[in-house]
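The block underneath contains the structure these notes are about, expressed in structure tokens.
Chain lettering (A, B, C and D) follows the sequence in which the chains are written, and residue indices restart at 1 in each chain.
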Amino acid sequence: MKKLRVGIEGGAGFAGGELIRLLLGHPRVEIVAATSATFPGQPVFMAHPNLRGRTELAFSRKLDYAALDCAFLAGGHGDAMNNVPAILAQTGPKLRLIDFSGDFRLRDPELYPRWYTRTHKAPQLLRRFAYGLVEMNRAEIRKARWVANPGCFATAAALALGPLAKAGATGTVAVTAVTGSSGSGASPSLITHHPTRHSNLRAYKPFTHQHVPEVEQILHKLAGGPGLRLSLIPVSGPFARGIYAVCQLDLPKGWTEKRVQEAYRGAYAGSSFVRLVPEPPTLNAVVGSNHCDVFVAVSDGRIGVISAIDNLVKGAAGQAVQNLNVMMGWDEGLGLAFAGHYP
Amino acid sequence: MKKLRVGIEGGAGFAGGELIRLLLGHPRVEIVAATSATFPGQPVFMAHPNLRGRTELAFSRKLDYAALDCAFLAGGHGDAMNNVPAILAQTGPKLRLIDFSGDFRLRDPELYPRWYTRTHKAPQLLRRFAYGLVEMNRAEIRKARWVANPGCFATAAALALGPLAKAGATGTVAVTAVTGSSGSGASPSLITHHPTRHSNLRAYKPFTHQHVPEVEQILHKLAGGPGLRLSLIPVSGPFARGIYAVCQLDLPKGWTEKRVQEAYRGAYAGSSFVRLVPEPPTLNAVVGSNHCDVFVAVSDGRIGVISAIDNLVKGAAGQAVQNLNVMMGWDEGLGLAFAGHYP
Amino acid sequence: MKKLRVGIEGGAGFAGGELIRLLLGHPRVEIVAATSATFPGQPVFMAHPNLRGRTELAFSRKLDYAALDCAFLAGGHGDAMNNVPAILAQTGPKLRLIDFSGDFRLRDPELYPRWYTRTHKAPQLLRRFAYGLVEMNRAEIRKARWVANPGCFATAAALALGPLAKAGATGTVAVTAVTGSSGSGASPSLITHHPTRHSNLRAYKPFTHQHVPEVEQILHKLAGGPGLRLSLIPVSGPFARGIYAVCQLDLPKGWTEKRVQEAYRGAYAGSSFVRLVPEPPTLNAVVGSNHCDVFVAVSDGRIGVISAIDNLVKGAAGQAVQNLNVMMGWDEGLGLAFAGHYP
Amino acid sequence: MKKLRVGIEGGAGFAGGELIRLLLGHPRVEIVAATSATFPGQPVFMAHPNLRGRTELAFSRKLDYAALDCAFLAGGHGDAMNNVPAILAQTGPKLRLIDFSGDFRLRDPELYPRWYTRTHKAPQLLRRFAYGLVEMNRAEIRKARWVANPGCFATAAALALGPLAKAGATGTVAVTAVTGSSGSGASPSLITHHPTRHSNLRAYKPFTHQHVPEVEQILHKLAGGPGLRLSLIPVSGPFARGIYAVCQLDLPKGWTEKRVQEAYRGAYAGSSFVRLVPEPPTLNAVVGSNHCDVFVAVSDGRIGVISAIDNLVKGAAGQAVQNLNVMMGWDEGLGLAFAGHYP
């Protein structure tokens, strides 16, 4: 069987490295090339020492898009909107694209400048990307050639709240979501400096994180109109991998706990990566895997929903592979049917 | 100057050890005895290796309450209500008591059995303990002889929300509060087993944590009636010390950001342990100290308040010393005027 | 193709859980049963939440050895020597056994009571188990039916030092080896209590750890006589997984750096799980995989060798699978040809 | 009583911040100024958020050395040798100096270029600095005006081995020493990037770390000639604070365990910061304090010595204060007589 030829833009970052690791185990994909501006010509294991001995691949400077069936864009935010028009001019629309950045997630062209505080360079393409949250947008992704892979916080929050939106819940949801340091990427910075990140917690961008509008967009799509509003406070946590999202809202008038629980069971009936768990999730049960564990509690007029994902797998590379599988009409779990290690 | 003679019930636990450490540096206090059922007769450093060489104290089996001016009760929850009546029968009301447990925090006798799921053994004493959250209850503590030291989550939440309650805010506050593992005490258990606590997050007791009613009690007292309702989801975090509480609520109708910020400045004008910070607090800036850092954001109709404390200092032993200072009419910061180390 | 029917004694421990995870991905093995005294009748995910949705297996109380082709013994130390004689009486010698404990690692019957401070219950079987350090004992394992899986420290130290022993080096090797907390198992204890294990280091059993004699035994076998002596100080580290062994010895008289490096290249030429690395290894490059990274430095008359493994994979479950593969004549890397995640 | 006027060069680094914290609690010292190139004119709490509310001090661009009684030099390595000649030209020799860098630790002018791989700019001053390891060099420090504060690894290793050197032991000592990330300073870099430092161990500079010669220098001084040789492999550990040094050597011919233990008791009889402990030290018992815990084991012809310090206190700022106390003829423990928190 001929394998799909894929290339990776930005292969030396954490999401890029995880993508290489996952694709090396994917039975229908061949990695043709992965780029790195830092390590051009050097073996992949220079950036990802776990891959030493597992691949002969070396980083390229550039992708030859014409030679690819599919490109994963895992470079910096802003690179995609700058480069995609030229890429498509070269290859035509037959090239499949899965973009990891926030560039093509928001359909409304007014939202990007407001939340990302810069101008969008290719607004004409915004509505041509499918939003790649498979469990909530599978039908659209199946027909798509270009997918905007969701943000890590957005994945955790939208999987926690999607079933409520679908079921017609309304109101403001208070979300506190704690992220591991790998979400900040492979380049050192003050917020990922070990001495001060270790054993610490620090919130940032209260109410203004750029993942908010993509969550509201998919929730509104599921609801068929505005319904839930996201009020997000992200927190930097002292671990390397994972996102843990704690969501709270008022139980809508007239709703029962049964109705809430059934909304979740119904929404995730055919989605094996989402596991509904009877106790609050434990983050380390999902790390290293494409799973999202979701817990729902109803008590005294309040709903609590807690979701846990690995930010680099379900929140990035794993979800990208899942999107590829859906786009290609393959088994959704191809190359992803494994658990992470525990503990 | 004659020093105050104090005893510590439960000196081998983490809060007891921190209390010994703090009192060794307190200029007006002499530790007469500290008890331990596990280490009777053995030097304090058997339980607290940091104190080797810093004190000659050995653990006792029992306190001789008659010989004490003040007793700190840092034993297990339930011990206090079982023992205090007999202690007072022996010493009369002149003995000062500072109780670390939840036994005497709730004034309404119906609340204890509901939240602690057991019967209270000394309900007649409930209204005779002052609630020891100094910044919110200083006047009452000044006149008290017996103080119920607040819970660690309660301290973080009540300091975050007290100024809003005072200012008359109403509504439900969604709180996600992450705690370090030392909050679970010195005895090993599954929830503090290193392999699975490490790099992990896990929520527990969603909406039902026993610290909720003491927070609502003090908030209602400050408001002069019901106003704010607490909706709390606690989370176990992968660090040893600290509580980080993220609170969200709707901005009350007609309120401005200025009014909110002024409520905080006013409430904490005379309270040097609470530091209002212009960015979300960093937990490691308070660990090791009696400080509580509080940040307030108002955005688009929402209020976010984030507070950070050391659960064993401001959330336990440090607050107990602060209560002692206030009760005795001493400088409130005596023995507590230090910063923790950073990083 | 008919799959090999395997059973796991002690499936709820950390090594047992890792073994289940690995075997679920092994193409030629079927897990018939896994026992647990704590979770009998309950799904495997009660002990290993990462496996929820990945297997329908529930724990049994007992294994029916007669129905198995191979049993992995991952129960407590001492269980194996107590039970193996009865098991073999039932099944005859055709049952393959891979024992995780220290019970059958030492061939000299005098060593066990000296290092384990108890009497061996089945000394007559000691010489019938092959020592399962594949890279150093492959030929013997190929012919074996019963394998004693090496200890985690022993694996790290023997892979670090085996090439030197083979090459005829002599002298005392000072080894400091730091281990993650998962090495102490799934039951809570003071040494794995998160508040005090976190951010901490603590040595234990200096010079007297029970893994010393099995390392010396294999080194002496490789050398054809005494040559290297192991002087080991183990250290408990503040992470969940991994062993990092730092070894030092004098460069034997007349040896050159070239001779040392060639000894390693030669010894590991056909062993893909051992990766010789040109810089000191980074522990997180091997965690989650069956790799052992080994670095060798020679400077000013001293040799330094540093090795890194995942204690639950190469130091336990992965090595057990590797032993199975070798015993069965399968590709040594079957079911093990993956990298762990990084970071 | 008039306080000593001190200034701090490099006050925004971790050692500088710890020094400020310690000096704020020192009864005989007044901090006149602390410099920072990054935060000139800004309050100290911009770099050290723990100090918010504890001092009004703001960073200066430069120190006015003529106005100081004592200067602590905690800037980058190399700054001291570049600047001290000019400083002394301005102030004359009356200014007391305590230098945190490696610039003035080595008396032999040939050693610096060999281990630091650069030329020394002020070799004429090398022999005029006392080596500030108080417990091993108290008499010389008492008479000194200028002190070279020891390196963090050097402190841990020299306190572990000094008593053996004094007692005449000979041979090569294998040392593996694990350090917390704060030892790499306040500026982010790849080796302190949280995602990859977390849960990781990585050795570096095997046998070639620049702290080796200062340890051998003080050991040779104590021995009255060459005796012990240091063979050091440093390891980066996944915690913020502390150094844990594990040392091994052969028991010298004819020596008994008693002789070894007595050497340690004798050497540390008058040194309250060094605590001889009967079990291997636990790193978190010294973190936050000026203590060094030392354990000695003798077994089967081998000596094991393990020492634990806080790299920023006993390994930097605390030791600097201790040196000041000794130079000034004050109580050696002034401002340092506290325990760190535990856990």
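Please note the rule applied: a residue touches a chain if its C-beta (ideal position, glycine included) is under 8 Å from a C-beta of that chain, and two chains touch if they have at least 3 such contacts.
Here the structure is a predicted model, which is why all the values come from computation and not from measurement.
Colleague: Matching over half of the contact pairs by residue number, can you pick out the copy of the B-D interface from A-D, A-C or A-B?
Modeller: More than half of its contact pairs match B-D, so it is A-C.
Colleague: More C-beta pairs touching across which pair, C-D or A-C?
Modeller: Top pair by contacting C-beta pairs is C-D.
Colleague: When the C-alpha atoms of chain C and chain D are each averaged to a single point, how far apart are the two points in Å?
Modeller: 39
Colleague: Please compute the C-alpha centroid of chain B, do the same for chain C, then give the distance between them in whole Å.
Modeller: Once rounded, the distance between the two centres reads 46 Å.
Colleague: Approximately how many whole Å separate the CA-defined centres of chain A and chain C?
Modeller: Computed from C-alpha means, the inter-chain centre distance equals 36 Å.
Colleague: When you check chain C against every other chain, which residues touch at least two of them?
Modeller: Correct list: 14, 182, 195-196, 198-199, 238-241, 282, 284, 287, 342-343.
Colleague: Under the stated contact criterion, what part of chain A meets chain D in this complex?
Modeller: Interface residues on chain A, with respect to chain D: 14, 180-182, 184, 186-190, 192-199, 238-241.
Colleague: State the interface residues of chain D toward chain C in the complex, per the touch definition above.
Modeller: Contact set of chain D toward chain C: 172, 174, 176, 178, 195-196, 198-204, 206-208, 231, 233, 235, 237-242, 244, 246, 248-250, 280-284, 287, 295, 297, 299-300, 302, 304, 306, 308, 342-343.
Colleague: Tell me, which parts of chain A touch chain C in their complex?
Modeller: 14, 17-18, 21, 24-25, 48-54, 182, 198-199, 240-241, 272, 275, 277, 282, 284-289, 291, 293, 312-313, 337-343
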